[in-house]
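Chain naming follows the written order as A, B and C, and within any one chain the residues start at number 1.
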């Protein structure tokens, strides 16, 4: 009997606790604009996403120091969805309904984005997504500041086909088994077919998440490369690239024989790796830390100072990478759009975002496409240097417009280059 | 590289006045011009040319304004005139070398080194050229063949000669070349012959080529089989190291330690710390010698602290131990994340663990894995000796078989428990040290190995080391064989299902021992 | 009072149960959405689904002594079974405007795989929700209990089972959406989900299921069946020597528990909006055991309480201490197993006993 009563009491208590927890940080001050930061600070994605939270907070400090937005200071609301996808949706709903943020900067994996998408569309929120992804999506409530496949994967393959890049004739498409590699490889296969490469010269392989034993796969690559000049396109997820590269190095497969281009390996991922055996392998991004231009130099200095001031881990060796740059661009463009629209109302900001420009650390002036919610980005191919930085060996002549609906997937020719005006059916 | 032929045809091997234009093209030109410049320098064959090419390959060729410099540390030499500069200019910039140029450089340098007096240098050049040879190098190869004394190098030079003749020369020469190539062991030759088959029209030549290809593929197949065996043993040795500590703590004490993965992770981070220390002291290549005992001790201490504070209160309640050690693992992960950061940390292989040994052509066995296999065997031997030849081991076995009797006879069971747990944790630390050489070191390292460790322990049965060894090797083989057949994901699933089914048939694992833990 | 009812709970117990039902089934719908936002309703719904799983787990662990570290698998399977129906209900409103789910369109599949047969029927989906976890549990349990696999070994192989299933479901070729799973749900029975009324209804149905599960469990454990079960937990060998076939008892409660988890999963998915293979991860299943341990095992209500407390704490800590909440969660595990073997309910009982 006592158990029944205490059960109800305890349930009420925990509900009250949670409520208090929610109410406490949100002492609603009318003269700030709340901004949500939705990145995993624990769990498997913490490695990649923690720096995005930090760079977003740095941008907020920077904007506040310059007077804020519309005369009000920005107030960050940081939550930790812990690499748990349902928790992402719950936290997104909390940010939008409880904390009443004006905009959310967040997500990394496609799953997390797909799990919060219905929430943003239902509540008409605004999300800025800074990571390269597989495309095949275009939502009115999201601005995608990372690369679509035609701004990363396809130029990389074109480079490897060219004389400059080694003239590859056979291709190993190696990825972790999830949507981003599968979609990218599908697009690449269609692209290779269009360039006359046959299926017998394409080898598609997938490994599970967290796979670390690449002996067999490297041996297979060696065997496959005996049939002709081979290049490897790696969509291996994040830090699984490290054991892959180590195995490549140890088995003596050099970049001059079989070059490997990766789309998920940047300066941060190379931090934990002995880069000497990897010299010459490639990555394709829209930004590299080693790029020399005044905007980048200033930004890197600012980041180094911020990391030191906030005593972030790894402040002794501060690195910047493409998703950080995309997050930086995104939050500044949002600020500009709000000032242009003179309001933080979602629909007004969406309209004002069209055509926004910003001087990006990659050296170009980044432009937000007037219709398709993606940035025009220049593509850079970099080779790994012994010190873990990248040498830019090739770049596109100018910014490339994104094609979120890849022309290489059947049926995409019917898609429009702008978000559908669809709304969640509530009736 | 056709440019190389033409250049060599028209130039002679006379002393070549450092043509400033060539060096300028090398430093400032477009990619095609750089390749031409490399060819010109190879054709010259002078020591200065070799020096410039080597400097470019090592990243020591810089530009400063319009000048081209070779910069070694603090001294700078003008590449075109040879004059030494007073100090290194501030505005020096690197010359970007991409894969294509690096490949050309590799071939060029190898060609220039073919006549080096050092045998090792000649061997490595000749191996390099097996894949990279171009017809323009024929004269150099002929010259080297004429003066070569070492049989192995001579054989490889003849292979290169044949490979080059395949592309040039009349029908008879090409036929002889194809037949000669049949005795090769190199996958590069296979590539060459496949290309030849594509381009060649003559039927006789094609059938000869096919015969040679078959011979080569037969030889290569042996290499692949050896490769599979090696990778299986390598995976098995890693599983063994990871699971051995768990087998001891669980088998001998009945404690299921969900924090075992984190003890592995702590061993890996200890290695990282030692590596940094040694790097600061300039003794980088020796850090592993210190890291091994350090990782053991740190993990053992952490394990013993855990045992004293948490686990000892939970004896006889294996399921609660499971849950509380899971909580410990969460805390350990977060603690490491707070101290070292969420990102992976860099643990480099020392020189002795880098690279590999080429056993058969095309089969390279990485040193790091060979060392780890040896290390696993060594640890196994030590544990065996410890358990069977020492007093501590005697007590541990006694407590396992009958705790009450051992206590009656005067064994301090509480202390033995602590030592045994420390031993198991220390071995986990050793596993972490080994893993740091081939895998990422990050807060989630332990999570990737915990399920595998459990499977090995459950499959092998508890109480006997032999079970763990057989289970680890067996799983290594099963995994690799299946992977070669069906891919990594299905292999892992199949192995897990096999274990589930196996346990239904033999619930106590392969080598069951009547131990305290069995009776739960 | 009716003797059968009083066997389940006393007067005080029934009153409190009725109060809870009143709160969630009558008061809350009235307050929502003006005074209580959708956020709370979905959060409550999610926690109640977890509570159902915890009660199911308590049935096998607290009363039969079987610790399963793979129960998340049955939860996820129920979720996937219902998720297939929800994906069909999206109809042609997906990204590609095709009658097939988006992930099938981009994988270039022209027709549904065999396991999607009849997935547009609500009743078929409901059947699958019960049959799939139940059948898997039955087969697995039959072989495991027949071979007398017990204790830690059993726990470890349930881990292996859920891990293998997770790896399998991560594969896109399985036809379950791979890593992206199922998401972007619109309707159930052609009624839109995103409305406050629909969300409240789901929450209410979950509450009713929770109450039903509690009553069912209570009825089971206070019957003769329950007594045999407790005896098996305490001394299985003796029960066998008394002539009972323990395997049937364990198998029955194991399968029932799996079915309850499946139903909870089916209720969970439309409220949370996504299902993906990480629900099958070993870590999730271990957490279920912790909910039961925290609340108090061997008391069904304790399990539900534990689920509420731990998940409430998680939501609280990830917000207030985003950098350190794992410390708190880990500490909860340790403290509860060391000092609160009877869980929170046990603690409350001790206080009552002392005063």
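Annotations for the structure displayed:
Basically, a contact is a pair of C-beta atoms (placed from the backbone, for glycine too) under 8 Å apart; a residue touches a chain by one contact, two chains touch by 3 or more.
Quick caveat, the model's predicted, so the values are computed rather than measured.
Of all chains shown, the one whose average CA position lies nearest the global CA mean is A.
Annotation: A-B is the more contact-rich of the chain pairs A-B and B-C, by number of C-beta pairs in contact. Look at where the CA atoms of subunit A average out and do the same for subunit B: the two points lie 30 Å apart. Each chain gets a centre from the mean of its Cα atoms; for subunit B and subunit C, those two points are 45 Å apart.
Taken residue by residue, subunit A touches two or more other chains at 41-42, 177, 206, 208, whereas all remaining positions touch fewer. Counting partner chains per residue, subunit C has residues 167, 170-171, 323, 326 touching two or more of them. Residues of subunit B in contact with at least two other chains: 334, 489, 492.
Across the interface of their complex, subunit B is touched by residues 41-42, 44, 46-47, 50-51, 163-166, 177, 205-208, 210-213, 215-217, 219, 222-223, 225-228, 239, 242-243, 246-247, 249-252, 255-257, 259, 268-269, 271-274, 276-277, 280, 282, 312-314, 383, 386, 391-394 of subunit A. Touching subunit B in their complex are the following residues of subunit C: 67, 69, 140, 143-144, 146-153, 155-157, 159-161, 163-164, 167-168, 170-171, 282, 286, 289-290, 293, 323-324, 326-327, 329-334, 336-338, 341. Those residues of subunit A lying in contact with subunit C across their complex are 1-8, 10-11, 14-15, 17-18, 21-22, 24-25, 41-42, 78-82, 84-87, 89-91, 93-94, 97-98, 109-111, 114-115, 117-119, 122, 136-138, 177-179, 182-183, 186, 206, 208-209, 409-411, 414, 422, 424-427. By the touch rule above, subunit C contacts subunit A in their complex via residues 9-13, 15-17, 19-20, 37-39, 42-44, 46, 93, 95-98, 102-103, 105-108, 167, 170-172, 178-181, 183-187, 192, 194-195, 272-274, 276, 278-279, 299, 301-302, 304-305, 308-309, 312-313, 315-316, 318-320, 322-323, 325-326, 344-345, 348-349, 352.
Contacts from subunit B toward subunit A in the complex involve residues 31, 59, 96-100, 102-103, 106, 131, 187-188, 190-191, 194-195, 220, 224, 227-228, 230-231, 234-235, 334, 337, 340-349, 354-356, 358, 362, 364, 366-369, 438-444, 447-448, 479-480, 483-484, 487-489, 492.
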